Each structure stands twice: as C-alpha cells, then as structure tokens.
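Next come two complexes, and both contain chain A; in the first it sits with chain B, in the second with chain C.
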Partner chain A sequence: MGRKILLEHANVPGIKTYEVYRKMGGYASVEKALKGMTPDEVVEEVKTSGLRGRGGAGFPTGLKWSFLDKKSGNPSHLVCNADESEPGTFKDRYLMEYIPHLLIEGMITSSYALDAHLSYIYIRGEYMWVYRILENAIKEAYAAGWLGKNILGTGYDLDLHVHCGAGAYICGEETALIESLEGKRGNPRIKPPFPAVKGLWQEPTVVNNVESIAAVPWIINNSGEEYAKIGIGRSTGTKLISASGHIKNPGVYEIELGLSVDEFMNSDEYLGGMMDDRPLKALVPGGSSVPILPAHLIYKNAEGADRLMSYESLSEGGFESGSMLGSGGFIVYNDTSCIVRNTWNFSRFYHHESCGQCSPCREGTGWLEGVLHRIETGKGREEDIDLLWDIQSKIEGNTICPLGDAAAWPVAAAIRHFREEFEYHIRFPERIKNRDHFVAEPFEKVRHLVAKQTV
Partner chain B sequence: MQITHIKQEINFTDALMARINELLSHYPADKKKSALLPVLHEVQDAHDNWLSIALQDKVAEILEIKPVEVYEVVTFYTMYNQKPIGKYMFEFCRTSCCAIRGAEDLMEYTCEKLGIKEGETTPDGMFTVVGVECLGACGYAPMLQIGDYYREHLTKEKMDELIEECKAGKIDLHNQDHYTE
Partner chain C sequence: MKVTIDGQSIEVEPGTTILQAARMIGGESVPPAMCYYSKLEGSGGKCRCCLVEVSKGSERDPRPMPKLMASCVTGVMDGMEVKSISSDRVLDARKSVTEFLLINHPLDCPVCDQAGECDLQNLSFKHGAGATRFIEEKRTFEPENIGPNIQLHMNRCILCYRCVMVADQLTDDRVHGVMNRGDHAQISTCISKAIDNEFSGNMIDVCPVGALTDKTFRFKQRVWFNKPFNAHRDCDKCCGKTTLWMFGNEIQRVTGRKDIYHEVEEFICNECRFEKKDTKDWVIEGPKKFEKGSVINQNNYTQKLEKVTIKTEDHILLGREQDRKKISMPDVPLKGDQKKQLKEGNV
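Take a look at the complex of A and B:
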C-alpha cells in the first residue's frame, strides 16, 4: 500500500467539516509556522522538500516562491489555481470536494510564507458545488480564528476568498487566470514581467496549483527533508493521478512518485488492469496536452528500462519516444480506440478554448481541427498528414502562452506513433464509413492494409 | 457579438443585492471590477439562466464599470448565456474521456428522445441540450452538468429517469440533494 500524504484522511467520516478536520490534527502547520518559523524559513522548508508544481509544468514550488518581489512596496498575493480544465484531469476537484480544509490550511501557511494578506482560490465555474463547499469551509476557518485579523495572536492578518471562473480552459494559465480574477477576458499576458513581480492588480503574486498548496501542511509538519525522502530522484513526494478511459477502476489515486507504470496500471490497489481485459493500445499519461504513447512505449522506454510514474521517467526519450507526467491526467485507450478521431476530438477542444490572441493558435487550432475532421470522416487527401505536421510545427513555440504547444503536441505524437492509422483513413474511406464513432479496426490490420497499398 | 432583444424582467431582489454586496466585499474597494464573474453568475441564476443586454448594463452600473467591459466578458466565457434557454439545460461533456465512454451516443439518444438537435431547446421551453468541452469528471464518464451539479456514470436508463424527474419538477438546479455520484 503506497504512502498517503494528501488523501490520508479522505475517507474519515465528516472530514469535510472543520470540527473533524481539526480533530484529525488539521491546522497544525499554521500553528507551527506562525508561532515558530519566519516566512523565509517556511520557504526554505518547501525548497528542501523538492516539491514541484502539480498543475503540470513541474516547476519547483519553493524556487517559484523565492522569486516573489517582496521589496516592491506593494502587497503580495497568493492565488490558488483550481481552474482544472485539462481533459483527463479531475484530481483537484476530489481534494477540494472531500478535504476542503486541507487546501485552506495550505493557503494560510503558504500565504504567511509569502507575506500575503489577501489570497484567493480561483475555481472553475463548472465546479459550482465545490465552490460552495469551499465557501462554507472558509467561513468555518474564519469562525475558528484561522483567518482574519491577528491569527493566533501573532499579528499576522489574512483574508482568503474563493473566486469562480466561468468556463474557459485558458484561465488555467497563470496570467490568464490573473486577468480573469481582475474581471476581464482570460487573455494570457506576455512574460516578463512574471506574476512574481507584476501579478494580480500589478502587485507581486504567486500562482500555485491546488495539489501543490495542499502538500505544504505535511511538509511543514514533518520537514522538507522527510518529504524529499519520498519519491525518486527529483520527483519527490506523492502525486495525485486521475485515471480514466478503458480501465477497470477509474478514479483519483495518490501514488508515491517512482511507482512503476505497470504496477499502477495492473495491480488491484490501483487501476486493476484493462476494462473487459482488452489489449492496451495507447496512453496519455499527463492530461490531453502531453504526447500520446503507443502500447510498446508505456511499460518500457525505448531503451528497455522500466517506465516509472515520475517526471523524469515518463519524459525519457523526449517527444520521440516519451511523454510527460504533466497534470497526472492518465487516459487509457484500448485496442478498439480510434486514434484519428481522438486526435480530432482533442483538436476541437483546443480550437474551442483558444483565447484568440495569437494568430498561430487562433488560426492554427482551427486548421488542425478542420483537416483532422476531414480525415476522420473519410474525406482526407494524401497530403493532409504532411499538412497537419506543418501546421502543428508552426503553432508550437510561437504563441504567448502554452496553449499553442498543448494543441500541437497531441497531433505530432499521434502522427509520429500512429501514422498508418491516418493513412488508413485516407486510403480506405469505405472501411470507416459505417463504424461507431470511436471504434477502430485492430492496428496490426491497419498497418498491414496500408503497407500493402503504398502510394 | 450576439445581441438579444428579447425582453427580460430585471429583478434585483434584496437577497440578490445582499449577495452581490457580499461578493464585492471580497475585493479591495477600488477593485470592484474583480467581482464581475461571480456577480454575473449570481445575476444569471436569478434571471432564468441568461443575461440580456439590459441586465448586463445593470451589472455595469452596480460595479461602476463601462457596459462594454461586461459585454466583452459575457461573450468570452461559455457559462454565460446570451439568449433564453430551456428551464433544464443538459450540458454533455463531449471531450475525449467522455467520448470514448459513449457520451456522443448518449447525447444523440437524448436529443432524439426530446425531438431536438444539439444546441436546440424543446418548443415548450423545458429542455436544452448542448455539447460542452471537458467538465473535469473524466473518471466518471459519461456525464452531464445540470444547474450547479453533475450527473455521472450515465446510461440511457438514467437519462430517461432524469428527464422524467425534470418533467415532474423534482430537480432543483441549485440544491445539493440532487447531486449524485
């Protein structure tokens, strides 16, 4: 059984309430930090832990905190990114829904470290019932004296509020989130300046994912050094993985980083193997934006080493034969899954969610969606695959924010690993006409047919 | 921008104004605009789930910002409705994880049962069906959002039941009791 840090008390009846959370030792990190540590000591502890941002980018959290411009003369802010809109990812929702006080405790301790006195949790508008749960938990925390003026008699003041978005994936990008929190369209800002210098209302701001902030109480209570002992290499601690698709036990799991992909996929403690025992075809390990992996690169990397659930192992081989841990949105596809339709589905998502600021993204995502749809519906042309490759290469790296990359990478990876399936759609349109939406013929058969009919 | 000229009764009750003032208190006094998104949610909820231009103008007045600052937000975010919709809006998640677990078939089934196409509202104004992008319930697919809550692990039978519950007036769009795992 893997070690639990975040979800240790998730199944305790009533843990959603302040009373039960407190009984289970909740808010101890606030007491320890505010009464016995300086803000800089809290930052150092988080640095020592090696905690990396759990939203997807994996940037070291303590280092990010240390960039905060505390000498600007302006108030600083902590903003929790609970926008969670990456397809395949639903872990933060679980944390907030079942243990809301863990996030609030993390927000208080982290705000203290950053000398922030006004902090926000920005949650996606669709999670309205979770918004209400958080609102209620914040009220409880105020009533118990953990928020407001002169917390624990230490002279530290903090106001914390939950703010709801309104259905825009781009608001998961930190500068777009800040714009949205200012009551504007979620258009990303050009960086620099980074939010640590000019963030919310042009004041120094740190934006952290829910899971990152929820890990802070354990780190403060047990030390950064203890946290760093969990995991493997530079992938320290535990990680929430949200698993979906063709598996027996979809859901949210807390794993120690370094667990093998094989054990995560096939042991009864975790996913329990493939649904209906069908063969595995592909895996998206870290949310829709990361490259898809074909079956032969899932359990072993290209060199034949075991693939582990860690930032480093999942990205071994670069984009040629690897992927990314990303947000931990683990999507599993069985042998009946149509990769072309899935890629089109992802492209539709990114086209829909592009904010429209940058031409390569605004126009390019539409082109990707259009060409993919043409291929998917049996109207593709032989040159379309090269066209797709060309379009995605012109989006990647050419936009203000990473949404362009997120739109380009799935297309590139799908072509790289499943090119024959695209060719099959183009050359054998009659074979895909009357099938179910997402059902494909066995990939080996597809490869055979394509190989036989070379152009 | 899509402009709707359908008349809408503007009704800012004391309860709604109290809630708006509470939301405004979450931001510095000179940063009222920051409350715009949460305020629009509350105003929309109190006005049959859509925001006419007149309503948006009223929000601008309360927040002391220009009307265009409200329009540009309403047209950007998908959760704000710019025209009347059905009393019950079924928002089916159609993104990959839901799609591979049968969301598209389920949405087609629902549309057929209600006699409408995706994006349409039934003639009696009772139901609207739309496909939306990822709702963050990928492990509980297929699913839909109705009001403030999610319905997950859906089947055709469960859709039949949900439609009947709506017709019987048993669904409160903002009542947690109707949230099901």
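Take a look at the complex of A and C:
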C-alpha cells in the first residue's frame, strides 16, 4: 500500500467541512509556521523537501519561491493555478472537490512564506461546482479566524479570493493566467521579466499548481527532510496521477514517485491492468502535451532498465525513446486505438486553444490539424507525413509560450513511433472508413500491410 | 555594453534590445520585424520574424541560449554574441515564419493598396519560398465597416497588435481590439462601433500589411506612381510634419513621415491626414528619399532612367500562334444570343 500524503483523509466522511478537517489535524501547519517559523524558514523547508512543481514543468518549488523579489518594496502575491485543462489531467479538480481545506491551508502557509497578504486561486470556468465548494470553504476559514486580519494573533493578515476564469487552456500558462486575473485577454507575456519580479499588477508574484500548494502543509508539519525521503532521486514526495483510457480502474491515484510503471499499470491497488485484457499499444504518461510512448518503451526504457513513475525515468532517452511525467495525465491505449485519430484529436484541441498571439502557433496549429484531418479521413497524400514533421519542427521552440511545443510534441512522437499507421491511412483509405478500423485490424497487421506494399 | 552581431561589434547602453543594437549597426544584419514598432510601448515578440541565435550569452555566462530569441524583446548583455543573417538556423526560422504568415494571407498584392509598402511583401521577397505547401482552404472573414476613414480587410491581417497599441496609447475611448482567439482571432470594433478618434488614422500607418487602409486613397493609385514629398503645416493637434503622396499636382494621400524601418517619425492627426488635400494647405519641403531597394524608388524621377530593351524572341509579345488562335476562337463560334450580346457590348 503506497503512502498517502494528499489523499490521506480523502475518504473521511464530511472532510469537506471545516469541523471534520480540523478534527483530522487540519490547519496545524498554519499554526506551526505562523507561531514558530519565519517566512524564510518556511521557504527553506520547502527547498529541503525537493518538491517540484506539479503543474507539468517540474521546476523546484522552493527555488521558485526564493526568486521572489521581496526587496522591491511592492507587495507580493501568491496565485494558485487551478486552471487545470490539459486533456487527460483531472487531479486538481479531485483534490479541490474532496479536500478543499487542504488547498486553503496550503495557501495560507505558502502566502506567509512569501510575505503575501493578498492571494488568489485562479480556477477554470468549467469547474463551477468546485468554485462553489472553495468559496464555501474560504468562508468557513474566515469565520474560524484562519484568514483575514491578525491571523492567530500573530499580526499576519491574509485575504484569499477565488477567481473564476472563462475557460481557456492558455490561461493555465502562468503569465496568461496573470493577464486574465488582471481582467485582460489571456495572452502570455514575454519573459523576462518573470512573474517573480513583475507579476500580478506588476508586483512580485509566485504562481503554483494546486497540488504543489497542497503538499506544503505536510512538509511543514513533518519537515522537508521527511518529505525528501519519499520518492526517488530528485523526484521526491508523492504525485497525483489521473489515469484514463483502456484500463480496468480509471481514476485519480496518489503514488510515491519511483513506483514502477509496471506495478502502477497492472497491480490491483492501482490500474488493475488492461481493460478486456487486450494488448497495450501506447501510453501518454503526462497529459496530452507530452510525447506518446509505444508499448515496447513503456515498461522498459531503450536501455532495458525498468521505467519508473518519476520525472527522470519517464524522460530517459529524451524524446527519441522517452516522454515526460508532465501533469500526470496517464492515458492508456489498447490495440484498437487509432493513433492518427488520437493525434488529430489532440491537434484539434491545441488549434482551438491557441491564443493566436504569435505566428507559428496561430497558423501552425491550424495547419497541423488540417493535414491530420485529411489523413484521418482518407484524403492524405504521401508527402503529408513529412509535411507534418516539418510543420511541427517549425513550431517547436519558436513560440512565446509552451503551447506551441505542446501542440508539436504529440505529432512528432506519433510520427516517430507510429509512422506505419500514418502510411496505412494514406495508402489504404478505403480500409479506414470504418470508425473502428483498428478493432478489426490490429496494429501488427497494419505494419505487415504497409511493409508488404513498400516491398 | 559590448555586443557583437554577425561579427560586427557595437557599444550600447544597458537596456538596449538586440534589434535596436542591430539597427544601430545597420545593413543586412538587421532582423525583419512585423510587430515591433519602436514608437509603441510594449510592442514586439509576437510575429517571431526577428528571431536570432545567441551564440554567447554574455562575458559572465558565455553559454549559448538553446532556443532562438526574439531580438526585439531580448535585452543585450555585456559580451553577447548574436548571429542574425549568418546563422542557418535563423534563416530557416525566418523562412518558416514567413511561410506561416503567408498560409492564410490572401496574396492579393495586385489589388492591395499596401502593395509596394508592405512589410510582408519585403519579408517574402527575402525569406519566402516560391511555392506554397498549404493546400487547405484559406481562412476568410466577413467584411466589416469600422468607420468613415479606415477600411478593414481582415483577411490580410497578421495580428501584429500594432493598431491596438496605437488605439491604447494614442487615442481616447478605444473601441477596437482583438476578438476571439487562435486563427479565428480578428481585429474588430466592440459591438460594431465606428472608429472616429482624432488620431485613429495612425492605425493605417502602423499596419505592416494591407489590413487597414486609407478610405480616401483606396484604389486611387499604386504607390510607386505617386511622388512623395515631405511637407508641413501649422497644426494645433499634431506636429504637422507629413509626407504628401502626389499625382501631378493632386495630393492623393497624406501619411506620417516614415524612417527606413517603415516606422513613423511622429504620429499625425486625422485632420492633416484625411482633410488637408490641397497643396495650399501645406509648405512643401522637397522630395522624400527612400532606401535604395524600395519599390517606390522605381519611379524616382530624380534619377536618369535608361531605355529598357526587352530581349525576346521575335514576335513573342504578340503571343504564340496557338494562343492568338484561341483569342480569335475561330473553332468556337458564338451562339446566337451571345453574338447579339457581344455586338451590344454586354459581354
């Protein structure tokens, strides 16, 4: 049984309410930090824990906090990024819905560390019911004296607001989120200056993911050193994984980083193996923006070592034979899945969600989608695969924010690992007319057909 | 601070961007810029045309930057080394940005009022490819009336945001901006309002393509047939320093004076731009000079033109034999009604 830190009390009846949460030891970290630690000591504790940003990039949280320009003379802010919208990722929603006070406790402790007196939770517009849960929990926290003026008589003031976005994927990018929070169009800002220097209202700001902030209370209560003992190498602590696709037990799981992919996939405690016991074809381990992995690179990496659920192990081999832990959106595909349709689907998403500010992303994502649509509907040309490769390579790295990369990587990985399937769509358009073509024709047969025609 | 661009070094003030430093050096190393406009605060970084390779970060940290950087928003560091035109990566990136910008652009230069002054034309000329790989249907927008002075042709827009910044920084009561997102994003007015602010005409000057054109000049003339003169007048709203675009003695258009990077020296008011079209209104200073390669210089009346001789095969200007036959169409006689219509001049 894996260790639980975030979801330890998730199944306790009534944990959403302040009374039950408090009874289970809630808000202890606020007491400990405000009464017994300086803000810098809290930052140091988080640094020691090795906690890395759980939104996808994996940047060390304590280090990010230490970049905050506290000497600017301007007030600083903490903004919680709850704009979770990566296809395949739904773990923050779960955390906020079931244990809202954990996030609020984390926000108070983290705000204290950053000397912030006005903090925000920026939540996705589609999560309206979660927004109401958070609003309610904040009211309870105010009533109990954990928020507002002179918290616990320590002289520390903090106001916390929940801000509902309008539902744009780009607003999950930290600078676009800040723009949106300021009431402007959600376009990413040019960096530098980074938010730690000029963020919300041009004042020093830290933007952290829900899961990162929710881990702070445990770190303060149990010390950063204890947290660093969990996990493996530089991937410390636990991670929420939202698993979906062709598996027996989809859902949100808290795992200790370093767990083997094999155990996570096949043990009854977690995913319970493949749905209908069909063969595993591919895996997206960290949300739709990370490269897809073919079956032979899922349990073992290219060197033959066991693949682990950690930042390092999943990215081993670079994009040639690895992927990324990302936001933990674990999407599993069996042999009936059509990779071309899946890639087109992802491309549709990124095309739809591109903010349109910079040319490669605005024009390139639409072009990618157009070509993928043609291939998927049996109108592809032989040269289209190379064209796709070329377009994605020209978007990657040339855009203002990482949305361009997120649109390019899935296409690149799909072509890299499943080129035959693209060729199959182009060469046998009549066979793919049936929506479930790969149910009748497993991938091995596709490979065989393509190889035969090439010869 | 010392910065080296394509092997040419220059000392600049801290806070200078790579693009500004390159402009100080001048020549081929200056990256193209579609969205950056030195007179507009916060412009730049969007079109990605000005990407450069930073091969050495600075003296203190000599590591190269892994990604190409937008030169218009990247500040120089002491000892920085930059590759602009000398880098294959940069040239490739510029080529791809040009391709991206052109995939949905209508390429209607023959009928576009911006032809001859279009930055996208210049960019395509230097970095574009001869053929397109884009076979999908081009994105189009419904025509929209945005006011009495400015014609919006959204299909040509490359969303550089310059006009929005002009509206933000120069005019009161901004009524237009960017609607929607991604490749559906468009310049539009909020709830069909008209743009009639006193300085709104500057949106035309800053537009790098033919998306925003002057309604008082549309279809009147190709710019290279106009004679540009610098002129000024006493104006209580703006500097009154303009360029007059004349055909014969007629002032067909008035614009702000632009520098070699096609940026206005000073913004002008709508009265000077749209209402003062009589030569008596202006003190004409003399002919305006343009850079050597400018298409406007093709009609430079101050230089002596040599007689052009077209070396072709005999009679090629008359067309090929088979084409002339087609034109006369002896094998395809007109039908009864068509013949009648042709005689009446209705065809």
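By our rule, the second predicted complex is superposed on the first by the 448 of 455 C-alpha atoms of A that agree within 3 Å, B and C clash if a C-alpha of one lies under 4 Å from a C-alpha of the other, contacts with A are read in each partner's own complex, and residues count from 1 in each chain.
In this text, a residue touches a chain if its C-beta (ideal position, glycine included) is under 8 Å from a C-beta of that chain, and two chains touch if they have at least 3 such contacts.
Everything numeric here is computed off the predicted structure, so don't read it as measured data.
*Asks:* If you stack the two complexes on chain A, which partner ends up touching A:H352: first (chain B), second (chain C), both, or neither?
*Replies:* A:H352 contacts both chain B and chain C.
*Asks:* Scan A:I400 for contacts with chain B and chain C and give back first, second, both or neither.
*Replies:* In the superposition, A:I400 touches chain C alone.
*Asks:* According to the stated criteria, A:R185 is in contact with first (chain B), second (chain C), both, or neither; which is it?
*Replies:* both
*Asks:* Go through the superposed model and pick first if A:S337 touches only chain B, second if only chain C, both, or neither.
*Replies:* A:S337: touches chain B, not chain C.
*Asks:* With the two complexes superposed on chain A, say which partner A:E126 touches: chain B (first), chain C (second), both, or neither.
*Replies:* first
*Asks:* What is the contact status of A:A168 with respect to chain B (first) and chain C (second): first, second, both, or neither?
*Replies:* Both partners, chain B and chain C.
*Asks:* Once the structures are superposed on A, label A:I230 by its partner contacts, choosing first (chain B), second (chain C), both or neither.
*Replies:* In the superposition, A:I230 touches no partner, neither chain B nor chain C.
*Asks:* When the two structures are laid over each other on chain A, which of chain B and chain C touches more residues of chain A?
*Replies:* In the superposed model, B touches more residues of chain A.
*Asks:* Name the contact category of A:G370: first (chain B only), second (chain C only), both, or neither.
*Replies:* Touch partner of A:G370: chain C, not chain B.
*Asks:* Is A:L325 in contact with chain B, with chain C, with both, or with neither (first, second, both, neither)?
*Replies:* A:L325: touches no partner chain.
*Asks:* Residue by residue on chain A, keep only those touching chain B in one complex and chain C in the other, then list them.
*Replies:* 168, 185, 352-353, 355
*Asks:* Inside the complex, what are the residues of chain A that reach chain C?
*Replies:* 168, 170, 185, 190, 192, 351-360, 362-367, 370-371, 374, 387, 394, 397-400
*Asks:* Quick check on the complex: what are the chain A residues that touch chain B?
*Replies:* 84-90, 93, 118, 124-129, 132, 159, 161, 163-169, 180-186, 201, 242-246, 250-252, 288, 329, 331, 333, 337, 342, 345-346, 348-349, 352-353, 355, 436-438
*Asks:* Under the definition above, what is the set of chain B residues touching chain A in their complex?
*Replies:* Residue positions touching the partner: 26-28, 31, 33-38, 40-41, 63, 65, 69, 72-73, 76-80, 94-97, 99-101, 104-105, 132-141, 145, 148-150, 176, 179.
*Asks:* Would you tell me which residues of chain C are touching chain A in their complex?
*Replies:* Residues 44-49, 51, 67-68, 70, 73, 75, 93, 96-97, 99-101, 103-104, 133-134, 136, 139, 158-159, 161, 177-178, 180-185 of chain C touch chain A in their complex.
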